[in-house]
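There are two complexes below, and they share subunit A, which is joined by subunit B in the first and by subunit C in the second.
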Partner chain A sequence: MAETLSPLDTVLRAGRYANTAAKIGVTLSEVSPGSIVQVAAWPDTEAKVLEGIAKTTKLKLGGEPGAGAVSGNVAAFGIAPGRFLVISEDEGLADRLLGAIPATVGSVTDLSHGRTAIRIEGEKAEWLLAKFFAVDFSKAKFPVGRGVSTNHHDVFAQIQRRTENCFEVYVFRSFARSFWKALCHGAEENGYEVR
Partner chain B sequence: MSAIRIASGGRIDRSRAINFRFDGQAYTGHPGDTLASALLANGVTLFGRSFKYHRPRGLLTAGVDEPNALVTVLRDSVREPNVPATTVELYEGLVAESQNRFPSLQFDVSAVNQFAGKFIGAGFYYKTFMGPEFGPLKGTRFWMLCEHFIRRAAGLGRAGLAPDKSRYQRMNAFCDVLVVGSGPAGLSAAAAAADQGANVMLAEIDSRFGGSANWSGETIDGTPASAWASEAVAQLAKRSNVRMLNRTSVWGYYDTNTIAALERVTDHKPMGASGEPRHRHWNIRAGSVVLATGAFERPIVFPGNDRPGVMLASGAMRYANEFGVRTGERIAIFTNNDTAYGAALALKRTGASIVAIVDVRRDASEKARHAASECSAELLTGYAVTATRGGKMLDGIEVQPFDGQRVSGAARKIDADCLLVSGGWSPAIHLASQAGSRPVWDETLQAFLPPQPTENWVGAGAFNGAFQTADAIAEGHAAGLAATGGTNARKLTPPMVEGFAGEPNPAPVFEIKGKGKGKAFVDFQHDVTADDVRLAYTEGFTSAEHLKRYTTLGMATDQGKTSNVPGMAIMAEATGKPIPEVGSTRFRPPFAPVSVGSLAAERFGDLKPERLTPMHDWHLEHGATMYSAGLWFRPMIYGAKGETVEQAYVREAKVVREGVGIVDVSTLGKIAVQGPDAGEFLDRVYTNMFSTLPVGKARYGLMLREDGFAFDDGTTWRLGETEFLMTTTTANAGKVMQQLEYFLDVVWPDLRVHVTSVTDQWAGAAIAGPLSRKVLEACVQGTKVDNDALPFMGIVHGTIDGVNVMICRLSFSGELAYEVYCGANEGTRVWEALMAAGKPFAIVPYGLEALGTLRIEKGHVTGAEIDGRTTARDLHLDWMLSKKKPFIGSAMMDREGLVDENRLQLVGIVPLDNRPINGGAHIVEQLHEDHPMNSIGHVTAMCYSPALGKYIALALVKGGKARRGTRAYVSDPLRKRFGPVEIVSHHFFDPDGSRMHG
Partner chain C sequence: MLITCPYCGPRDVVEFTYQGDGNRTRPDPASTDLNAWNAYVYDRVNIAGDQNEIWQHSGGCRTHLAVTRNTLTHKISSVRSTHAEPPAPPKPARKKPRAKA
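After this line comes the complex of A and B, so read on.
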């Protein structure tokens, strides 16, 4: 991939901000996966699509809403009935998925440029997300790997829990700067670090 | 009333002092104090002036139910009016002032209003000021004259004009069980639910958890109740499945257990921490709710019952036990139930003298008699207080024998500086009432009890009528279990509760009609008297809802917490009906005042996030003036120094016609349409055919709504046998996406098609102008771009500066033009490469104004013409309506009204005076500047055309096609623009399209 420009380049400045007197509540950073790909099944081909994802990424997803998995440099989760978002640190995932999922089985849509991935990590990650999304992010209801499609007003977001205190949020690239500013603003009371 | 701070007891930290000011006077209090308790401890008894009569008022309660002691809190330059002093926590530097008085609280000139009492009773302004004619003041004119003075004379606090710079935040929360109230019942419920493993939230309106345990003076299992509560709270705080929110009022109960709560985060601090919000609005989705909200004591209505020094017994007890404040030296009690005897004991322990206990009942219970004896108080059973004495402070009461209905005999005077009243208890059923059912009258308690739940809630404690602490704990435990559906919790060992706990069951006495003078207030906050209630009855306003609206009983910030039941009782007596037949108003949110800031929270900015194209920063760096197009920001012009907007866009458009220009088209909606049935699907949603479109070609498409009107247009590119890239107008991208999803999900679920928004995946740049091909030839690698390799509507793939690009030859400007798409993160890189390649050809970036100019010259339509009211035929797009296939809208587009030749049709307009005309200006056949009439259409877009050297416009005109070549007038009275115009074809420039095909 040629040199790219993130919508956050001009606003993302490493450092500690706001209520730094308190223990830093969250760390915000941009992650730049090589591939963000949507895979969608036809009504009767979901199992085959999951097979295709597993064949390509070694990730085994359950069929229940929001089910997801994280392993090594790949992750995936359900974003809608029969639809999955597959993320990899490597480029070219869409082509590899296309090899495993022909049009008769489903569709593969490369969104690597269209989504910006923001990582929210720290003890107050759930607290910060609760300011924006009406989703129960508690560990019991939203375990590691689980994902959800939701929105904060006009900003559509897909969120996956990567570890106990780490979430990745995928937003439309055009909204990313606005959403980043809102996240930083929301994180001020707990103190936040940008990496 | 001579209140003082007692030496020990309560939650007050006497070792530390807090300085504060009230009405300009400096005072000190202690951590743990409220403004009310601190002022009381400083001997302040006058807290405010009443709403209408400006009568002096003191404290009635110690909590959120306080109707009298409303103050304005001043912080920085912000005024927050109408805050009960009983809920303001003291902090260093607090500044507050009393309200609704002039020039001072002690001397208020409007106090003269009380002498006009008979003339300004309930609804007086309806009768006195609305309707009568005074000279020239007819109709409502007289009211309009008086209204200003009436509003000034009456009212609550005054809001400030300074902007509130505080932060407010909104939180979402989910829990299995929400417990509202943290008294003994609430704490017990929370523990029981948590034991079951439930995810529990516990909300307490006060700063301190514990509710009545903080002031009951009881012991629980040998431990002071307040310490018992502290230990219970400490145990809950250790649990990972319990979230505890103090200073949080649960104020709204909505469908499916959606609960609204307000957390006061920094109101008690001199200054919040960095980024800390003042308030949080909590939106809580609870599996089940335990309502343990307790009960409010209510007053008895009797003449002079509002004099400072008269307060509720429970309030005085709370001041004594919780805040260490003795409310008077010589205290009298007036009650219709046993609970007030507990207050007498509590105050006696503070060193006060209990001069008399006046009980309307002929026989007091043995327990009550014993308590009276312990207080060394004279017990007057079968008596009632019929008057109070004093000025701005109570100095005595008058009592008379009372038979349960009326008083008799001579009045006896008793000196007292504080009168504690208890008229029974009203369970705080507000949230249950909001949840949907009518409350139920209980004869024993003489109170409304909660209804049968219609939502998933369980009640506990005094809320349910269980006033004894041991019962409340047991009910709380059961409620906590019921809320979780659990059964395996440890069995509750009934606690041993000791202390005076009088039965709350009152005698059914709500009002004492004394023979003495003096108003008897029902609603202290709105100055509604017992006579006002009877007046409402006399005038026919007998239902609870009418009574409320006619007298304003139960309105304002306290929402009638102390007044509703007495008001209903007086109305019941007047009508001769039992209280439940008079009914009760349905409680509505909010339970307690809510800051508007918390409702808006920080969403004011989030509601309109900025949507930026990949090249946004480049545009700014190169002098673009941006403007918003929906949420998007797009360049309007790239103005040179000293250029006007018109000069800039004319220059830019001219360059496109004569050389080459580049415009950011990333905002166009882009939808991936994928699947084996994608071609068939597009045939159905577009008016023209797409299934026959070869791979590597694009086609202009038009969509109609189902009713046959034009919906949106754009080009769709076939990228593969089963893959199309649809483009839409910027404005309609979301609507088109929704429409496509609807068709696939609901109308044609059998089609194997997926649609996905890829608007943000692609950066788009349009290169337009006679030299555009040369620019591409200079920078594109991996493909040719000549007419053979890339014909009109052809698509090729190549690279620019090493970046993969997709190029489609299509034109919105009417010139030879190409749209270059690449991955959005590489958009700026490709854009800069195109600029560099175009430098030898003097390429310029152009903005939306030039883009609009070019399309107006060509007569291309946009959202200004596809406005939801025009058809394909109106816009001369009928050539796109396929006759070979049905499509969305085809069944309705030929309706008689839609094919009428006299419909508004797209035309070109040339102002004959060659002056600009504005969008929205009317087109008329005859010009009447003073009386504009008979519009035949309107202008949709205008510009100065550099290609034609004059101002031109597009318009929608009735029967426009037939009017071509005729003259009419522009009529724009709003902007005073009138003049002759010629109606022409909308194709102003290059009507045969030779330039873009060249």
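After this line comes the complex of A and C, so read on.
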């Protein structure tokens, strides 16, 4: 597969920034998953699509809105009725999903080069996200694995809680640099680290 | 204003795109009835009160929604996916048995 070029290359510089006197509560980094794939069911094939995702990734997703799962180097979550985002550190996930989900069951779209994945980690991660999105990110309402489709102004974002204090945000790559800069500004008052 | 998307739950109105009057019926595409097309394109009831509208959760799950919104108060009384069956009309109330004369 062609090497993915990051739109963040010109702005992402590791280090500690802004209010470094504060206890750094949030770390920003770019994750470069080998695969980001959208899977969509036809109106009556959602259960079969979920089976296909489970067969390929061993992830069991409930059909309820936003339900997701994380295990090892794969993750998936619901982004819309009958639609799921599946992410893997490995390349070639779209081909493997296609093997389990033929066109009669659903559609598999490889978005790996179309999205940029940003990791927001640390005890202030919830606080930073809450500055940008009108969504309840508390652990009770947004447990590990859960995902959401939302937007910040016109920047469409899909967000999943990966661990207790770690979120991954998937944005269109053409918006990624601007969104990254906005995230950095949002984190300034508390100090942040870039890795 | 919040719209409660059946998939995503309550979300701020900025995540939604207004797609217009939900009462229109498109004439058969083969129709050459100019009055029917004129009505479809231009005529709006412009209700002061509960109005049927189409919205899209464009900044979320992207579902098209049939919304009933009060144009005076912005109160939203119902939201459903346009793919979902419209709710059945309310059953007529049972007639009270007439008191015997």
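Following the convention adopted for this analysis, the second predicted complex is superposed on the first by the 192 of 195 C-alpha atoms of A that agree within 3 Å, B and C clash if a C-alpha of one lies under 4 Å from a C-alpha of the other, contacts with A are read in each partner's own complex, and residues count from 1 in each chain.
FYI, a residue touches a chain if its C-beta (ideal position, glycine included) is under 8 Å from a C-beta of that chain, and two chains touch if they have at least 3 such contacts.
In this text the structure is predicted, and so the values were computed from the model without any measurement.
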**Asked** Does the superposition put A:R115 against subunit B (first), subunit C (second), both, or neither?
**Response** first
**Message:** On the A-aligned overlay, A:F172 touches which partner chain: subunit B = first, subunit C = second, or both, or neither?
**Reply:** first
**Message:** Quick one: is A:R161 in contact with subunit B, with subunit C, with both, or with neither? Answer first, second, both or neither.
**Reply:** neither
**Message:** Contact-wise, after the overlay, does A:R96 reach subunit B, subunit C, both or neither (first, second, both, neither)?
**Reply:** neither
**Complete:** Between subunit B and subunit C, the one with more contact residues on subunit A is chain B
**Message:** Going by the contact rule set out at the top, does A:S149 touch subunit B (first), subunit C (second), both, or neither?
**Reply:** second
**Request:** Scan A:P43 for contacts with subunit B and subunit C and give back first, second, both or neither.
**Result:** both
**Asked** Is A:A80 in contact with subunit B, with subunit C, with both, or with neither (first, second, both, neither)?
**Response** second
**Message:** A:K131 in the overlay: touching subunit B, subunit C, both, or neither? Say first, second, both or neither.
**Reply:** first
**Complete:** Both partners, subunit B and subunit C, contact subunit A at residues 43, 134-135
**Asked** Which positions of subunit C touch subunit A when the two form their complex?
**Response** 7-9, 11-12, 14-15, 59-63, 81, 83
**Message:** Which stretch or stretches of subunit B touch subunit A in the complex?
**Reply:** 169-174, 199, 273-277, 283, 285, 602-603, 605-614, 617, 631-632, 672, 674-676, 721-722, 749, 752, 754, 756-763, 801-803, 823-829
**Complete:** Within their complex, subunit A touches subunit B through residues 1-7, 10, 18-22, 38, 40, 42-43, 103-104, 106-107, 109-115, 130-131, 133-136, 138, 140-141, 152-155, 172-175, 177-179, 182, 185-191
**Asked** Quick one: in the complex, what on subunit A touches subunit C?
**Response** 43, 65-66, 79-81, 83, 134-135, 148-151, 156
